[in-house]
Amino acid sequence: MNPVPANNPEEAYQQAVSGLIVAGQRLWQQGWCPATSSNFSRRLDDKSCAITVSGRDKGNLQPTDIMRVDLSGRALDGKKPSAETLLHTQLYLRDPDIGAVLHTHSVKATLVSMDAPDTLELSGLELLKAFAGITSHQSTLRIPVFDNTQDIAALAVEVDSWMKQHGTGHAYLIRGHGLYTWGRDLPETLRHLEALEFLLDWYWHHGLAARLQQD
Amino acid sequence: MNPVPANNPEEAYQQAVSGLIVAGQRLWQQGWCPATSSNFSRRLDDKSCAITVSGRDKGNLQPTDIMRVDLSGRALDGKKPSAETLLHTQLYLRDPDIGAVLHTHSVKATLVSMDAPDTLELSGLELLKAFAGITSHQSTLRIPVFDNTQDIAALAVEVDSWMKQHGTGHAYLIRGHGLYTWGRDLPETLRHLEALEFLLDWYWHHGLAARLQQD
Amino acid sequence: MNPVPANNPEEAYQQAVSGLIVAGQRLWQQGWCPATSSNFSRRLDDKSCAITVSGRDKGNLQPTDIMRVDLSGRALDGKKPSAETLLHTQLYLRDPDIGAVLHTHSVKATLVSMDAPDTLELSGLELLKAFAGITSHQSTLRIPVFDNTQDIAALAVEVDSWMKQHGTGHAYLIRGHGLYTWGRDLPETLRHLEALEFLLDWYWHHGLAARLQQD
Amino acid sequence: MNPVPANNPEEAYQQAVSGLIVAGQRLWQQGWCPATSSNFSRRLDDKSCAITVSGRDKGNLQPTDIMRVDLSGRALDGKKPSAETLLHTQLYLRDPDIGAVLHTHSVKATLVSMDAPDTLELSGLELLKAFAGITSHQSTLRIPVFDNTQDIAALAVEVDSWMKQHGTGHAYLIRGHGLYTWGRDLPETLRHLEALEFLLDWYWHHGLAARLQQD
């Protein structure tokens, strides 16, 4: 299990809050969290995580914009969790090694998600090695692409079903919506996210050029 | 009505000024207010608003670059209002719940505006939920596109006529010029603006790729 | 004539230096001055200007990276002026109202310059009004495009000859090289530059889309 | 030989560390070092260099993220060097005038590298003059493009063989991976890197437009 390393629960929570605030500034500046979209979380222990409150400006998070939820997605401090909290907590329940989850909304992830097949396969790129466990550019990263829905419980079931069949993997896309990625801790998850945004940006431009060459 | 929350008119004005200065820095850094273009306003009460003075650098606004106008667009403090002030005040007059108006000039908004039909319809994107009152990606956001003119009074009449028929909506484009959006207060209006810029950027790239696929 | 407003020549020089340093930070951050390229100047009086020294990092200019030259391009302080100094001084000689000149190297200006006709004509865009003297989007901005050469004296003659025939105008492009623009003072020249970069970015994207539509 | 100018080895190392940290911030902000990718080095003397430790966040390097290696790539301080250290040290061994090496992973370099011929030839652009020894835009810059491999020793042999035949040059690309460039010191190498990123960005967009024109 990968909680925040700390001497006590309050210190763990404060470290999770600081980490999510700094991550938000970094991700917003790259244009991946426009218009208060996106949500970020950090595991606190085997029963709870810290997560961003619904609808806050991710580029300028304040400590009051973070809350505690249990792993069924219920608020532990009276604040209103994001509707998508369940997509975070299902990952913490599925794999005790997952310590952080980031969900973002970039233009390129949105563009790719809308034309992509049900599973996006990426290979031949050195940056694939940014993902934990991948040691060669000749590996293939498989990213499932789910249809968007406002029924988050139903989407969580679909994600769960895919993962039971194919393994947890590193990330998934939701069509016209954004991406989810995760890792052992916040730095690893930020690394996965930056690698995904790079790969999706590459994929988009490469696809345009390939269409022109085929003409 | 959504004025700045404050104890007295002078405090309200100072808060409006601070809010517009910070908004300008944020929007300029994203490239949406080049070359002293764009203008921003904040309702002060039922009879007046604070608005940027004509021709100032929006990325580096000073308190003296903001002024007071009444809702017919007349200066209340001797400064020179932007020619487009009327497009702001007509919104405050139309709907007492409108508390802020932002007008920006991005490259993508300009590109989209020039090829767009008279009403741009956007649907199927999660980020539509950034607009007040939209709760599903399956909703459709309708954005009228007006022809550009230097006769701002005539344009205001055209905007008014459209809104009487179709409702106030969330935003409009002016061809080869830029966009207008509004909201209850400055944070909501910034959220609408970031969502629009995202959607127009997506729309532009999506349109290019679609043309290539049809070949 | 538009020198720096100051009480004495030394104060004027110090103000010119500060202005050029801040302009460099702003322009470098937008990606318009890569790899120590570009040069900037500010008129000091009717006989001299301050200009950036050859080959310095424009995003991090120090006071020692600025020098004085007379209007024939000769160093007044023993430093080495850029090879392109003559393209600045010819503008100060031609028009006493010119108070600043900026030369930058953006990717979009380079792309447009290489495919452009000998005179680029831009019209129908609100941002044209950022240029001094233009009051309607229906005006046409004419930007001559000169072939690149390492013989700067010859290029200066060609520029001069064009301006004698067509007027000084607001800007010119050099193919595969970059753009020159000028104005009464540094803020006006920065406004012209931001407007040009916007217009060239728009022109590039618009041209790509137009080619796709014609297919 | 171009070591860091300093009074003693410890001062030289500290200067190399500071220089690499500042370079990392600058390059990361431009999006060229995503997801802890990339590595940077600075010659210390004729037998060793300072180099970034494997897998650190290049936008936020700490002094402990830099290490010393000898020119056969062996750690001199017990830290773990990047797998690609050999590609740095072979340059210091080949040419005593090389004082710094930068390796980055931008989207545009990756895109260009995957479709490029075995030698990319760039000419006709003023920014070519950013490379040491190039004095005209009419020069041609030749950049070899090597296939990617996880066998860095084999790649180093291939690089060496190319350089024996064609000269050391200024830079090379690795397909689907990134670029290497070098120079006398860190400022010159940063200048080469910014020029390369400009040229590859230009090359990508120019290639797209050229394909559209041929249709």
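Order of writing sets the chain letters: A, B, C and D. Residues in each chain are counted from 1.
Operating definition for what follows: a contact is a pair of C-beta atoms (placed from the backbone, for glycine too) under 8 Å apart; a residue touches a chain by one contact, two chains touch by 3 or more.
Quick caveat: nothing in here was measured; it's all calculated off a predicted structure.
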Most remote chain relative to chain A, going by C-alpha centroids? C
Numbering shared by both copies at the chain B-chain A contact, with half separating same from different: different
Rounded to the nearest 5 degrees, how far is chain A rotated relative to chain D when their C-alpha atoms are superposed? 90
Would you kindly tell me how far, in whole Å, the mean C-alpha position of chain D lies from that of chain C? 31
Return the distance between the CA-based centres of chain B and chain D, expressed in whole Å. 44
Within chain C, the set of residues that touch 2 or more other chains is 208, 212, 215
Interchain contacts (touch definition) - all pairs: A-B, A-D, B-C, C-D
Chain C touches which residues of chain B in the complex? 31, 34-37, 57, 105, 107, 110-111, 114-115, 148, 150, 174, 176-178, 204, 207-208, 211-212, 215
Within the complex, which stretch of chain A touches chain D? 30, 124-127, 130, 135-138, 187, 191-192, 194-195, 197-198, 201-202, 205-206, 208-209, 212-213, 215
